[in-house]
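Lettered A, B, C, D and E in written order, each chain numbered from 1.
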Amino acid sequence: AKKDGKDDTATTSKSDATYVILEEALAEEEYSVGFRKDDVALCQAFEKTLAEMKDDGKFAKIDKKWFGEEVNILDKTKIKADATDGSLEKVKTAGKFVLGLDASFPPMGFTDNDDTIVGYDIDLAREVCKRLGVELVLQAIDWTANDQELKSGNIDCIWNGFTTNPKRQAALCMSTPYLENSQVVVTLAGSNIKTLADLAGKTLTIQGASTAGDALDSKPDVKSGLKGGAAIEVDDNVLAMFDLKAGGSDAVLMDKVVAEYYVTNPNAGK
Amino acid sequence: MENNHEKLLVMQDIYKAFDGTAVLKGISLEVNCGEVVAIIGPSGSGKSTLLRCATMLETVDAGTIRYLDKTMVTIGADGKAKYSDKKQLKEIRLCFGLVFQNFNLFPHFSVMQNITEAPIRVLGQSKQDAEANARNLLAKMGLSEKEDAYPCQLSGGQQQRISIARALALNPKILFFDEPTSALDPELIGEILKVIRDLAAEKMTMVVVTHEMTFARDVADRVIFMDEGVIVEQGVAADIIKNPQSERTRAFLRRVE
Amino acid sequence: MSLETIYKLVTNMLSASAVTLEVFFLTLLFSLPLGLLVASLRMSKYKIIQLPIRFYLLIMRGTPLILQLIFIYFLPSQLGDKLSVTIPMLPRFGAAILAFTLNYAAYFAEIYRGGIQAVPTGQHEAAAVLGLSKVQTFFRVVLPQVIKNILPAMGNEFMTLVKDTALAQTIGVMEIFRLAKSSTSTNSSILPMFVAGLFYLIMNSVVSKGFSSLGKRLDYYK
Amino acid sequence: MSLETIYKLVTNMLSASAVTLEVFFLTLLFSLPLGLLVASLRMSKYKIIQLPIRFYLLIMRGTPLILQLIFIYFLPSQLGDKLSVTIPMLPRFGAAILAFTLNYAAYFAEIYRGGIQAVPTGQHEAAAVLGLSKVQTFFRVVLPQVIKNILPAMGNEFMTLVKDTALAQTIGVMEIFRLAKSSTSTNSSILPMFVAGLFYLIMNSVVSKGFSSLGKRLDYYK
Amino acid sequence: MENNHEKLLVMQDIYKAFDGTAVLKGISLEVNCGEVVAIIGPSGSGKSTLLRCATMLETVDAGTIRYLDKTMVTIGADGKAKYSDKKQLKEIRLCFGLVFQNFNLFPHFSVMQNITEAPIRVLGQSKQDAEANARNLLAKMGLSEKEDAYPCQLSGGQQQRISIARALALNPKILFFDEPTSALDPELIGEILKVIRDLAAEKMTMVVVTHEMTFARDVADRVIFMDEGVIVEQGVAADIIKNPQSERTRAFLRRVE
């Protein structure tokens, strides 16, 4: 994880802070955009445009809007432009590009109180599409079916704080990572869990069907130490945090970007 | 009373079995125009089945049924019953009416609708005509003030009279009754028997399955005694009831009396 | 959540209610008649017709609606994959309506069947002797009585449908429940869920009132 | 998905079935008698008893079960917050059973009520004249007839319950559906969902068979 | 036949209204041990209500009811009916039996269970005793071979005989019948009347609401004619039927005949 001290300021500067993010992350991850396996040209065009945005400062601007500083990790050297499939042309002919997202994953992509889908990923996608001359269409999907949505051609990509991993790389065309994330442990202020080791014998909650589960699987020692030898899976992160606050569990494991959003959100948990 | 010998209904050698059990075993029955026939006999002897075959609620296995000059069913080349075509059957259906033991009025229709439904939908009468006719019938049944009532608001006897009116509204040539009084309280039986008597006086052709011996004796031109799917004995009502020839008839009459 | 946010949420939900109501009414529009057809096939005396219908009823009533939604929405593309052809997908909303229709038709069919079988044969016989055709008998004599009989069971199903519309979000249809979930994430509060609950409760109160007043109106006969 | 993954999935689901079945049977164990109590209170001639029960029935039948689950699970802590005391939380599983019980008791109550009202008064009167007590009359004379009457409606509810157990995952109870969802996400395949569907279908076939054989056994009288 | 003048049942000045409509308007009735009383009267005259009050299926508004020396209800200080305590009522309940018009057998119990349920649960008889007694009663009713049958497998007449056996199984001192034959086919009526005749021969005290004039004439010691909630006329059966004193009775008898 990036240790830039932002976590601490974020959590302690609020007098009514309820939640604390553990400094020691459970696992490091990176976010990518997921395209259909065959849509390599499309993926590369997006990567190229993102690289341009990095060069002309637009990327940094969006970073600052959502995170207060430049956070992207796009590595231009990894970007290739060798694909020749017709996927880019197809999108260009159609004139629109459909982005699939869960729309409840702040701050990456979520529905604001005016019922509009906004977020960091959304701003990036909007800029890319502008530059490619296609219309951006946002399609809310159920996360459970994201793979089907993509395969069936309903959506052109999954762009929603989408963690890259070998399985997904095998099944999809995953773009070069653009943002770093980690799986962090959130506890209540005043909790005696200070390190990952403190999780032994404690109850840990995660959002079911999320990469938090994969991350936990990659740390068998932590997982086996948990009460019950596994995490509790609830329907979504908000319920997990509610559960934490209510005393149903001792800690929540979730994406750092999301955790920070909630921890700094003055309304969190109300 | 048998002043008109035109044969309105001719049933010949009717056979009918349910699941292999023979219920009608070669019944032949002729009904003349204007005649009133009472059918009596023990429970299970096939009286209802006979009426149901005559009114096409059941199909016969073998035999011939004819209304006036219209053949309903006859014996086909294979020896089995062969029904006429749909059009002919539809015409025949207009010849008869059936009054059920338990009335079978349409509960969701008012008395008026119960009576006018078929004339409007089947005969294509106008609503006005059908209703005018219905009012006449209701007056005849002494139920003029009930035209807007629903069946559930009527006594059993009133319901039965409505169901007779419903059958009469189609101007049938012959009216079948299946124990029209047996679901009624003894006091209400009189009402219905009076209606049937009045119809008889108007020379309506009727076949009545009944347990009411007094009625059979007083009104019927002919009494038919059925048992176990055959007609055991028939003749002038008073004779049969006073002097039954067969032992079976005698035993039955003893029990009913 | 601030009062303003709640106000906004309620406004959004009011517009999302339109979708919920659309799902509700369209499902009824198609499944009520389809159920009648299914019921009549289910009562067929031919095994060859009866058996597939029974299988359909088993699947529809035996598996969760959410799976049926996913299945129907993705079936064309899965099938296309297998057969290496492109089968156009149904639009989300259309797929949702189709899935709901197929599912509810199964439930309605069973209710109709019970109701139809409860109409005494005497009613059919009386109609037959009066010369009414099969069609006339069904629509004029039988169906009105069936409707009265099945009213309570139908009321239950209608209320369940109101709640089940929430599942349409599974395939991306934006209705009240999806909105509630999004708002829950955005504001990190479970209040929106309960606002949604209130919406369902209000709709169901209307449904329930409607059925009880219909029931009273049909009480004129027994 | 590889065959091996599928095999593992099925094995996992078999053990998760234990939880599903536990939810199923515990819910029935509590809600069947509770429903009877609710039904009898609902039929009380005192408005003061009837009204709260009707309100309870409206809420339980008018709002989605998933909200009731969340509500019941979080109620103690929310209440504790408001009253500034610490109220211990229910364990997840306990909360799930409580929510299911309260919900299904409402449905069962309405079914019982219909069934009890369908028993002719003559049965009560015959029992009274014979000197049977109220309790004897209910358990020896009325209830057996109610059971026969309500069997089809109960069958439907039991089948719905099998499917509804899936909702227990909302508050972290690990049952078949949760497993399917996780597996779907991990393997990026929808297949696990349909495996889960098959599990529900099998359980429901058993339920349905059970009910139809029970129905046949009670067919000895009319 | 009135050889035993001990008063088994005394009802005095019974009033009963439903929703403000008076149905029983001061009825007084005494039944002696061993007596058979027939109650006749038009529909709605309050015959069933009278039986229901005597058997505690309805509560009276005012009046006194006494079985032998046990008071069931009397007039309280406020002029209204005052029922005895539960224990006393329970004892009184054992004095009488009631046979319903539509039998009200328990459909889920076999014939044997129908008869033995109350003796076992109410009188605390052992299963063996109760069954032995039930077999005697079944034999008397001519239904010995039906002990394992269920009510739905029996004809109406058989069901009614079972329901009589069920009532007799508790050894009541008096048996009430509410139109025991009116739900039966005419042929089956005889069976029940024979059973009642046999019971009368055994000096069973009975009160029978009936439309069967022949039965009233042949079996009843006394006939009571009720109309509009009052007893219009009573006396020896044959007299009342042959020479009704009141015009109302005469009109009624004409209609029933």
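Assorted remarks:
Everything that follows uses one rule, which is that contacts are C-beta pairs under 8 Å (C-beta built on N, C-alpha and C of every residue); 3 or more make two chains touch, one makes a residue touch a chain.
Remember, predicted model here, so these are calculated numbers, not experimental data.
Contacts with chain C and chain E are shared by B, D. More inter-chain C-beta contacts link the pair A-C than the other of A-D and A-C. Greatest Cα centroid separation from chain C: this falls to E. Among the other chains, A has the CA centre that is most remote from the centre of chain B. Annotation: 53 Å between the Cα-based centres of chain B and chain D.
Centre-to-centre separation between chain C and chain D, using Cα means, comes to 21 Å. Chain B and chain E have CA centres that are 38 Å apart.
In this assembly, the C-alpha centroid of chain D lies 46 Å from the C-alpha centroid of chain E. Contact of a single residue of chain D with at least two other chains is seen at positions 70, 74, 190, 193. Of all residues in chain B, none touches 2 or more other chains. Listed for chain A are residues 144-145, 148, 239, 242, each touching two or more other chains. Listed by label, the pairs of touching chains are A-C, A-D, B-C, B-E, C-D, D-E. Chain D makes touch with chain E in their complex at residues 120, 122-123, 125-132, 136, 140-141, 144-145, 148, 220-222. In the complex of the two chains, the chain E residues touching chain D come out as 55-57, 90, 93-94, 96-98, 100, 102, 104-108, 117-118, 121-122, 150-152, 166-167, 170. Looking at the complex, you find that chain A touches chain D at residues 143-148, 167-168, 171-172, 205, 208-210, 213-214, 230, 232-235, 239, 242-243, 245-248. By the touch rule above, chain C contacts chain A in their complex via residues 1-2, 5, 8-9, 12, 15-16, 70, 73-74, 76-78, 81, 89, 169-172, 174, 178-179, 181-191.
Listing the residues of chain C that touch chain D in their complex gives 58-59, 61-67, 70-71, 74, 110, 114, 152-153, 156, 159, 163, 166, 177, 190, 193-194, 196-197, 200-201, 204-205, 208.
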